[in-house]
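Report on the structure given below.
Chains: A, B, C and D, in written order; residue numbering restarts at 1 for each.
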Amino acid sequence: MTQRNVLEAINNALDEEMSRDPNVMVLGLDVGKLGGVFRATSGLLEKHGAQRVVDTPLAEASIIGASLGLAISGMVPVAEIQFLGFTAQAFHQIGPQLARYRTRSRGRFHCQVTIRAPFGGGISSPEFHSDAVEAQFVQSPGIKVVMPSNPYDAKGLLIEAIRDPDPVLYCEPDRIYRLARMEVPDGAYTIPFGKAAVIREGADVTLVAWSAAVELCLLAAGRLADDGISVTVVDLRTLVPFDVETVVSAVARTGRCVVVHEAPLSGGFGAEIAATLASEAFYDLDAPIARVAAYDVPYPAAPLEAWYLPSVERVVAAARKTARQ
Amino acid sequence: MKAMTARQSILKPDGRLLNGAKSSMTDAALMEAVRWMLMSRIYDERATALQRQGLYGVFSPAAGQEASVVGSAMALDPARDWIVPQYRELIALVRHGYPLERLAAMGMGRITHATRIPEGVNVLPTQVALAAQLPHAVGLAWGLKLQKKDSVVMAYVGDGGSSEGDFHEALNLAGVRQAPVVFVLQNNQWAISTPRRMQSATSSFALRAAGYVTYRMSFHNTTDNPSLYEDPKQRDEASRRDPIDRVIKHLTRRGLWNDERDEQTRMSIRAEIDAALDKAASFPAVTPGQLFDDIYAELPERLRRQREELLGEGSKE
Amino acid sequence: MTQRNVLEAINNALDEEMSRDPNVMVLGLDVGKLGGVFRATSGLLEKHGAQRVVDTPLAEASIIGASLGLAISGMVPVAEIQFLGFTAQAFHQIGPQLARYRTRSRGRFHCQVTIRAPFGGGISSPEFHSDAVEAQFVQSPGIKVVMPSNPYDAKGLLIEAIRDPDPVLYCEPDRIYRLARMEVPDGAYTIPFGKAAVIREGADVTLVAWSAAVELCLLAAGRLADDGISVTVVDLRTLVPFDVETVVSAVARTGRCVVVHEAPLSGGFGAEIAATLASEAFYDLDAPIARVAAYDVPYPAAPLEAWYLPSVERVVAAARKTARQ
Amino acid sequence: MKAMTARQSILKPDGRLLNGAKSSMTDAALMEAVRWMLMSRIYDERATALQRQGLYGVFSPAAGQEASVVGSAMALDPARDWIVPQYRELIALVRHGYPLERLAAMGMGRITHATRIPEGVNVLPTQVALAAQLPHAVGLAWGLKLQKKDSVVMAYVGDGGSSEGDFHEALNLAGVRQAPVVFVLQNNQWAISTPRRMQSATSSFALRAAGYVTYRMSFHNTTDNPSLYEDPKQRDEASRRDPIDRVIKHLTRRGLWNDERDEQTRMSIRAEIDAALDKAASFPAVTPGQLFDDIYAELPERLRRQREELLGEGSKE
């Protein structure tokens, strides 16, 4: 056991998998000497060599497209897209190519590719660096979408992603990269996809979130407890596969639900959760399902982001209103 | 990375070698090439006819481009090298080991495990988004090199496809990684109805990649109507330079071909195609449950429920 | 008044706007001599000339990116992307550029650009040609998403799109391009965005749909009437802006709702509708909200598409179940 | 489309002209250029210092690249021509009419209508996705040409940005449409930490576009730490070829520059920058409601409700 933050947990997962399997390789912009713009790949070049830790030309579509081909050749690429917003440049290589290759080849080929991408607001980044566009990949069947929220999960889910024979988009919440350390085992371990975690149990309202928004929910839970409102917090961990069962049963127990995410409201994955509940937990619902999200505007310039992003205050207000309805 | 910038055409319309030109192919290779080219042309005709009868899906003929397809593919060793196709290279895939009956059965809508690329055949599946296959080819070549395999990857693209951003990104990456990949750009003068001069102001597509100047002697695909945009004179001019005619005239001049041989070759090809089409027609048909095969190694719960919904419904009907 | 099908209505709208405003121009693959792969731009080259009807090189991102620049220069480009699935190649130029330009320039510039793109299944097309990826643009604030379902709307919404100072993604349902003709006025007229149409009124269940799925709902409505179930059909017309009010009040009247779309279930815009109802119409709901959609798999090969797409039977079954719950 | 393929450097480190080289700039232009270059360098220092004090956002210095930025921009007529920047061309924007105080105020987070590009200033906003601005530049140039305006568009891109697919698509379209656009590729040897040789195997970036070989003499931006990847010798070598030093030495040799003039020029620039920074600090601050400005010409209902929600909340706090 070592105390690690999210970034250290990711770095450690990469190092463990590269040490275990000589075909695992890391490629992307500035992942080599620099160790990535956040230093997530720091030390890997020195340890595993320039054939396996590769600074690529500045062209996201070719990073993903080449990873597909590398996977077919027998390598196990872990591609870094410097910021999730720049998956837009590679969009045609992700859903339409990487995600569909198994289907297109009717199972002859599959793509064991992990795409790592930092994202999320709150750190005063330039445009595109903060965009929470995870929902744009939900309509691309064939790829899994993984959203860790803490160091332990970050390592276990990343090792699972690297070993998954299918492509995985692994989104890293950069705002909490260095937020806090927790006990993270030294050896390899995996956390299965499609299993949400109930990280706090309460009787009145269920908060559902993923990635950095989980932290918001935990802060809100503390404040709500002071008000006498006891909440369940569900950390979805993966959007695809979506663990309908855990969410439905958690909401069934409280009868009330608030979904929280840092992406804009309209068309966010919160809509999928609420829609699923409106279908599968309908008779257990005692109040309208609330969503707390960013507003439906482009991610704003740094000085405006605190107003744009969902805040602990907004989560608390929505949960109070939901509990009392 | 090297680009071949000279036009490599060496046969005149009458089958004679251009002044000073010399073929680097052996007679045996030439004879093999002619057979593949003829097979491609004859298969075009058969598939088009079947499509017109509603028995075959959208089909893209290779007519006019047989020399570039066959000539490039014959440089490869199927046991070692890989092909990454655009979509007019059916005959290259066949030579590389993809059984014709499987390709035919796919054309007939029998798209199941029985028609997929067989294990050990080094071919990537045809995909439809132009140029998107090119970075795959680079990654494949790069990975084979990392694993110290002595393979080459041959990737095809059209004059149209080469305008896509993926083309530039793939070539640039191949250069930096020194990946063993050959890009074959077939400039057949058209991208559907868009003529070459609207595609690029480049003086030669060969500046972009190993280039073949050919002419698409048929429609774009079976949904297309070239009379809306093609000047018949262009087609006539191209027909005068039909690559198959030229090679056959050349072989005839050299005493390696005659009417009897022509007749025999065509008959044996027709028999081979007939056999493949016959087999193809008896491949298993698609089934609804198949919708959920090959999405993930393991089907997630939500999809398992969708599958049940579909099959429950399906069995009621 | 002339009888026109969807394709003719579109062609006529383009012709009228090009005749009215000399800065309106059409660009895309094969839009010139060929008149587009479906002939939507047929005759425009002959009438308006090669400067205003332009076959571009085969590169979707540059079609959109150049349209942005053309708009800033003062032109009014109507770009055709040959099939909606190929917007993936231009994805980074749509949401991140076109949609944000007004915001990025703080109102100094705006992009009067229309993107036309045929899509939808049921016509045995090769891969990508059928993909219903409209929901992928809902998380790109700044662009409007327009989904006509019939010839009259097709013309009125397209003229609105061309005149809208902001960018519009106008998705054409190719399956019903030539399905039926109806009266379409000869002159110019517009249909405002953000106004859903209640095209059939009933007491028991509200069906909400857009684009070609509206036709499915109307067929289902007939069959349901035979069963004694009377349905309201709401045609959304535009996903962005989303006419919450019309949907909420229609569903409030019937207490029951089935959302129907041809895109895959998870993350489709149906989720946004159901989520909005679960929040804003909660107390009026008498039954779970059902969604009938394509399955969460890549669009399959032609011989499989009838099983993949939502069918009249599935809509009827879902409405029956919803009505009886 | 033409690409300039020769290195255009004509000044030696000591400020002397290379053998046989001749400057095509008038003395007046040269003096103007030096002032812009110095202004760029001094603004770099000020903005960096302010950033270190938490008073300025992420900043990307132009140090080392002043000659390519200023030299290219001075070819333009601000009243007629357009600039489409990457992000190191601040001084070109200033010369083109974008007031420095607005740019400074933006850097200080005062991003409102008061800091936007003024009406009549022919500059597109800086955007962050590399190379995505290039097709915009082509469309703009094409549209101006269609409207018979006699304008040229100058678009900037880096060695890194030129690897993106958008670069290829933009250049190809510009060629086909004969659009009046000039692409300026500033090869400063780095894309953050990625060196030029990992960016492309091309023998010269000038084969891609009008190319300037420069050297990024500072960090990538204020979040960067070059000591992790840059060999100090490279920086030293580049400093020997500092473009500003060279021009000043050249002018000194020619009697057009001396210590006094140097001092005066720098003082006047500092005063100008100080004035701009002062003004910048008093620009209006952002306000929460602004989140909903400039999204659409007219705010849709759902957004109007979100705005109310925010402002209701905001006013409570």
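Heads up, the rule we're going with is that a residue touches a chain if its C-beta (ideal position, glycine included) is under 8 Å from a C-beta of that chain, and two chains touch if they have at least 3 such contacts.
Here the structure is a predicted model, which is why all the values come from computation and not from measurement.
Engineer: Once the contact rule is applied, which chains count as partners of both chain B and chain C?
Structural biologist: Chains that touch both chain B and chain C, as defined above, are A, D.
Engineer: With respect to inter-chain C-beta contacts, which pair, A-B or A-D, contains the greater number?
Structural biologist: By the number of C-beta pairs in contact, the winner is A-B.
Engineer: Roughly how many whole angstrom separate the Cα centroids of chain C and chain D?
Structural biologist: Their C-alpha centroids are separated by 40 Å.
Engineer: Taking the mean of the CA coordinates per chain, how far is chain A from chain D in Å?
Structural biologist: Each chain reduced to its C-alpha mean, chain A and chain D end up 35 Å apart.
Engineer: Could you grab the centroid distance between chain B and chain D? Build each centroid from C-alpha atoms only and quote it in angstrom.
Structural biologist: 46
Engineer: Which residues of chain B are in contact with two or more other chains?
Structural biologist: 111, 127, 129, 132, 163-166, 168-169, 172, 176, 198-200, 295, 302
Engineer: So which stretches of chain C touch two or more other chains?
Structural biologist: Correct list: 56-57, 59, 61-62, 85-86, 88-89, 92, 96, 103-104, 127-128, 141-142, 240, 242, 266, 296-298, 300.
Engineer: Examine which chains touch each other and state the graph shape they make (line, ring, star, complete, other).
Structural biologist: complete
Engineer: In the complex, go through chain A and note every residue touching chain B.
Structural biologist: On the chain A side, the touching residues are 23, 25, 51, 56-57, 59, 61-62, 64-75, 77, 92-93, 96-97, 101-110, 141-142, 144, 164-166, 193-194, 240-245.
Engineer: Which residues of chain B touch chain C once you look at their complex with the stated criterion?
Structural biologist: 57-58, 109-111, 127-130, 132, 160-161, 163-166, 191-194, 198-200, 223, 228-229, 285-286, 288, 290-292, 295, 302-303, 306-307, 310, 313-314, 317
Engineer: For chain C, which residues count as touching chain B in their complex?
Structural biologist: The touching residues are 29-30, 32-35, 37, 55-62, 85-86, 88-89, 124-129, 265-266, 295-298, 300-304, 307-308, 313-314, 317.
Engineer: In the complex formed with chain D, which residues of chain B make contact?
Structural biologist: 1, 163-169, 172, 175-176, 178, 197-202
Engineer: Can you check the complex and tell me which residues of chain B touch chain A?
Structural biologist: Touch residues, chain B against chain A: 111-113, 115-117, 119, 124-125, 127, 129, 132, 134-144, 146-147, 165-166, 168-170, 172-173, 176, 293-297, 300-302.
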